[in-house]
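Okay, got some structures for you below.
In the two complexes that follow, chain A is the common piece, with chain B as its partner first and chain C second.
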Partner chain A sequence: MLEGAEFYFNVDHGYLEGLVRGCKASLLTQQDYINLVQCETLEDVKIHLQTTDYGNFLANETNPLTVSKIDTEMRKKLCREFEYFRNHSLEPLSTFFTYMTCSYMIDNVILLMNGALQKKSVKEILVKCHPLGRFTEMEAVNIAETPSDLFNAVLVETPLAPFFQDCMSENTLDELNIELLRNKLYKSYLEAFYKFCKNHGDVTAEIMCPILEFEADRRAFIITLNSFGTELSKDDRETLYPTCGKLYPEGLRLLAQAEDFDQMRRVAEHYGVYKPLFEAVGDGSGGKTLEDVFYEHEVQMNVLAFNRQFHYGVFYAYAKLKEQEMRNIVWIAECISQRHRTKINSYIPIL
Partner chain B sequence: MAAPGLRAQMDSLLLQLLRDLEELEAKRAALNARVEEGWFSLSKARYAMGAKSVGPLQYASRMEPQVCVYTSEAQDGLQKVWVVRASAQTPEEVGPREAALRRRKGLSRTPEPESSPAPRDPLNWFGILVPHSLRHAQASFREGLQLAADMASLQIRIDWGQSQLRGLQEKLKQLEPQSA
Partner chain C sequence: MSGKDRIEIFPSRMAQTIMKARLKGAQTGRNLLKKKSDALTLRFRQILKKIIETKMLMGEVMREAAFSLAEAKFTAGDFSTTVIQNVNKAQVKIRAKKDNVAGVTLPVFEHYHEGTDSYELTGLARGGEQLAKLKRNYAKAVELLVELASLQSSFPGLNVPLLISSQSWMRGSEKSSIG
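Take a look at the complex of A and B:
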């Protein structure tokens, strides 16, 4: 691929880049967050959100307003914007958008499988699925009993098909196997997305590859942290780590042997990027958790993506920043509805 | 004279009642704190996992209880409320069945007709790899359960104490006009 995106990027993608930058400018500001934090009830939150780019998105909601409804409506709004971008995109940006939706599709598939395990009706779960990950074969997911079943009967025509190579097995899908399936699918997806961006080259690769490397490493750390004290074996754990990050291969091997948080921290200290992140983690219930620190780092990387032009990373970064904004609003709303305001300022402002 | 004896009894009963009431208030405050903590940890888990991953979609409408409430009579005739973990039945015939189990291992898994499957940890409704905030939530709610059982026992004792006190007051009233 010839370098020099500034010569030809705008022909196919200039309109959409302009649009996404406009959308990014309408993300909530620090002042908006200060106003939200001072609300007393969810109705106040709704009123304050009307003054932002969200507008009257909750106008059709019946009483009483719940945090779940706010979250659903925010997701629908993001989906509308995303669908507009997607409908106006040309290749290879369209493939890039498809890759972006795959992570939501994986979440939806897992949600449907868990629902089948709990004997819930498909309709009930379909309503709560992430709109960005919608695909036509969704309703049939719950009939599958094993991963091979799932692939052959349901997902073979979807964009998720290529990610099933390591996941084929005849084990019935109980909770452990569903968790393994989720993580293996995500690992294949991330590695494929990384390869796509790297092969594309140019500014897109320069922006997206570090972001995806961080995502891979973050997943490795979080899987390790959450697997302490569970029935997941160390070998199984190692098969879930995505290999497209900085930790591959030595870091991942060390991480697979870690048995507590301090051992994990020692692995992270070998890497210049991750050492300060682990140092920022507070201990006990007082300070930040590892997930908070990772979210902050992700927000920083996504904001920096907007400093370069003529690359696809702006779309990915906008979607992720919007998601963080939704997490912030849901967090503030939960603190308000539970009247537990001590940690209400733990949101991550997007500057 | 029966009256001073009765009065002494009443005094000790009243003191016990007040002590129980104080304990009940303390336990109630602790229960409220635990439940609040539990819900807040659930919110933190939702922040880490996604808002729809920790919610009514993840649990079945019919659940097997993990914990049962039992009552028993203590020596003074009062009922005490216990909270007991519902443990799985110990399979007595594990010896002769083991050979059968080993044989089956190679074949495709057929559901074994167990009398009562081991109670599954509700934490696993949300996946195997759950964030620590979810585990904190479970711990908080479990502590709250124990507190609730203690509060129920205390409430029974307080009610009994009140009725005893009323009975003694009646007796005293009957004695007083006689002695006057």
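Take a look at the complex of A and C:
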């Protein structure tokens, strides 16, 4: 292959790749998790985290220590690292980073839209927004009266504009259910991200495309599973499925017709990747849920991304693994603080 | 026999008949009071027992509900702002009814469901199963809370009449033991 990313990748992105690999090496290991699980109080958790790469991140917190404080501080740390990477990146890595932040931006925009329409104060909502999804027009949201105004005035400047245009015309923006809007935006975002990675070609496409295909199919399965028994019609459901995965087009059509879990399982059995995942699902209480199994598979794919060099997937994988680690730590901390230790080992192990 | 409770009366046969009728009336009144006090005591003890059981159960149910919130957050991320922003009408409402025990009216609360779930599609793409479990657990907690509120509000409603009627009965039995 004469595409040879190894010839010119390091010129622009070598420093950042080295940095991200160093950060990856500081993720919590199995031994760290074992230590955390044995803690009795949140203070013990804080002491154990001091020995890891987190260091004294909780040093300035006043008593009493709560799980939400731990969560906020960890997220701040991740944001600092991410912003550093982003500020030092060059094209096309900067566009890649922008795509990564779009998913958080979608959540923030939905929050802001909802709050603006209910005349809530913008300041309160800004505090709740995800820091990675920050965009400059955020404070200007409260000038709009209806969603269409909001779109014309504010959102058309953000990177999310093309996703809104894909979903619908401006008139329908007003009546749409907020959750349906969120999922439709995410679908366009995922397809755009997939196209970007594919066009970039090279090792990035080889690593990122399977990850994004899995994400698309996973969403299709979960949306189907969660829409059983709700008022969501089958046609509506089909419009929410991202089309950039392995399931497109036959699998998605079959999924749209599915009415219960077993029919979904039969659709999954046609695909070699998903058959073992569905077989690992326990039944009802006690076993793993489908979402747990998907999370584990995602973590595996992200860890494998680090086995190859000279591609952008390492940044995406690092961000996702770090988020999973944050969720694990928050889970263990909640189990400890609520003294409910039966399920404390249900975190997703990473390394 | 001596004392302030002496009734001044002219000793005649009619006065004796009248006094006997008065005595009978007083005794019937005293028995009715005793019955009322007994009925109230019985109801009181039942409610007390139920309150203790419900409070124990409440501890367990709240713990379970708080844990299912942690589970839902693990899978679905932070959905608290979405939930708070989309609040409009209550789905679980309370009706207040009156219950009569030995002449004392007590309030009783009963919950009923109205309207559809406005959070049906929350967590559509992530964590829907855990959110459904969370909703069920908290619904159970709310029902238990309504029952507890009903019991606890009937508690003082019973307490005061019980004391009054038992005091009256005591005083009545004092008087009749002298007479």
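Please note the rule applied: the second predicted complex is superposed on the first by the 319 of 351 C-alpha atoms of A that agree within 3 Å, B and C clash if a C-alpha of one lies under 4 Å from a C-alpha of the other, contacts with A are read in each partner's own complex, and residues count from 1 in each chain.
Throughout what follows, a contact is a pair of C-beta atoms (placed from the backbone, for glycine too) under 8 Å apart; a residue touches a chain by one contact, two chains touch by 3 or more.
Keep in mind it's a predicted model, so treat the numbers as computed, not measured.
> Of the partners chain B and chain C, which touch A:T51 in the superposed model: first, second, both, neither?
After superposing on A, A:T51 lies clear of both chain B and chain C.
> One more residue to check, A:L176. First (chain B), second (chain C), both or neither?
In the superposition, A:L176 contacts chain B only.
> For A:K119 in the superposed arrangement: first (chain B), second (chain C), both or neither?
In the superposed model, A:K119 contacts chain B only, not chain C.
> Which partner chains sit in contact with A:K128 here, chain B, chain C, both or neither? Use first/second/both/neither.
A:K128 sits against chain B and chain C alike.
> Just checking: does A:R219 make contact with chain B only, chain C only, both, or neither of them? Give me first, second, both or neither.
A:R219 sits against chain C, while chain B stays out of touch.
> Considering only touches as defined above, state whether A:N345 meets chain B (first), chain C (second), both or neither.
neither
> For A:Y186, using the defined touch cut-off, is the partner it touches chain B, chain C, both, or neither? Pick first, second, both or neither.
A:Y186 contacts chain C only, not chain B.
> Would you mind listing the overlap between the chain B footprint and the chain C footprint on chain A?
Looking at chain A, the two contact sets intersect at 111, 114-115, 118, 120, 125, 128, 178-179, 182-183, 222-223, 225-227, 230-232, 289, 291, 327, 330-331, 334-335, 338, 340, 343.
> Applying the document's contact rule, which stretches of chain B touch chain A when the two form their complex?
36, 39-40, 43-44, 46-48, 50-53, 55, 57-61, 108-109, 120, 124-125, 127-133, 136
> Of all residues in chain C, which touch chain A in the complex?
63, 66-67, 70-71, 73-75, 81-82, 85-86, 116, 120-130
> Taking the complex as given, what residues does chain A use to touch chain B?
67-68, 71, 107, 111, 114-115, 118-120, 124-125, 128, 130, 170-172, 175-176, 178-179, 182-183, 222-223, 225-227, 230-232, 285, 289, 291, 326-327, 330-331, 334-335, 338, 340, 343
> How about chain A: which of its residues touch chain C in the complex?
110-111, 114-115, 118, 120, 125, 128, 177-180, 182-183, 186, 219, 222-223, 225-227, 230-232, 240, 289-292, 295, 327, 330-331, 334-335, 338, 340, 343
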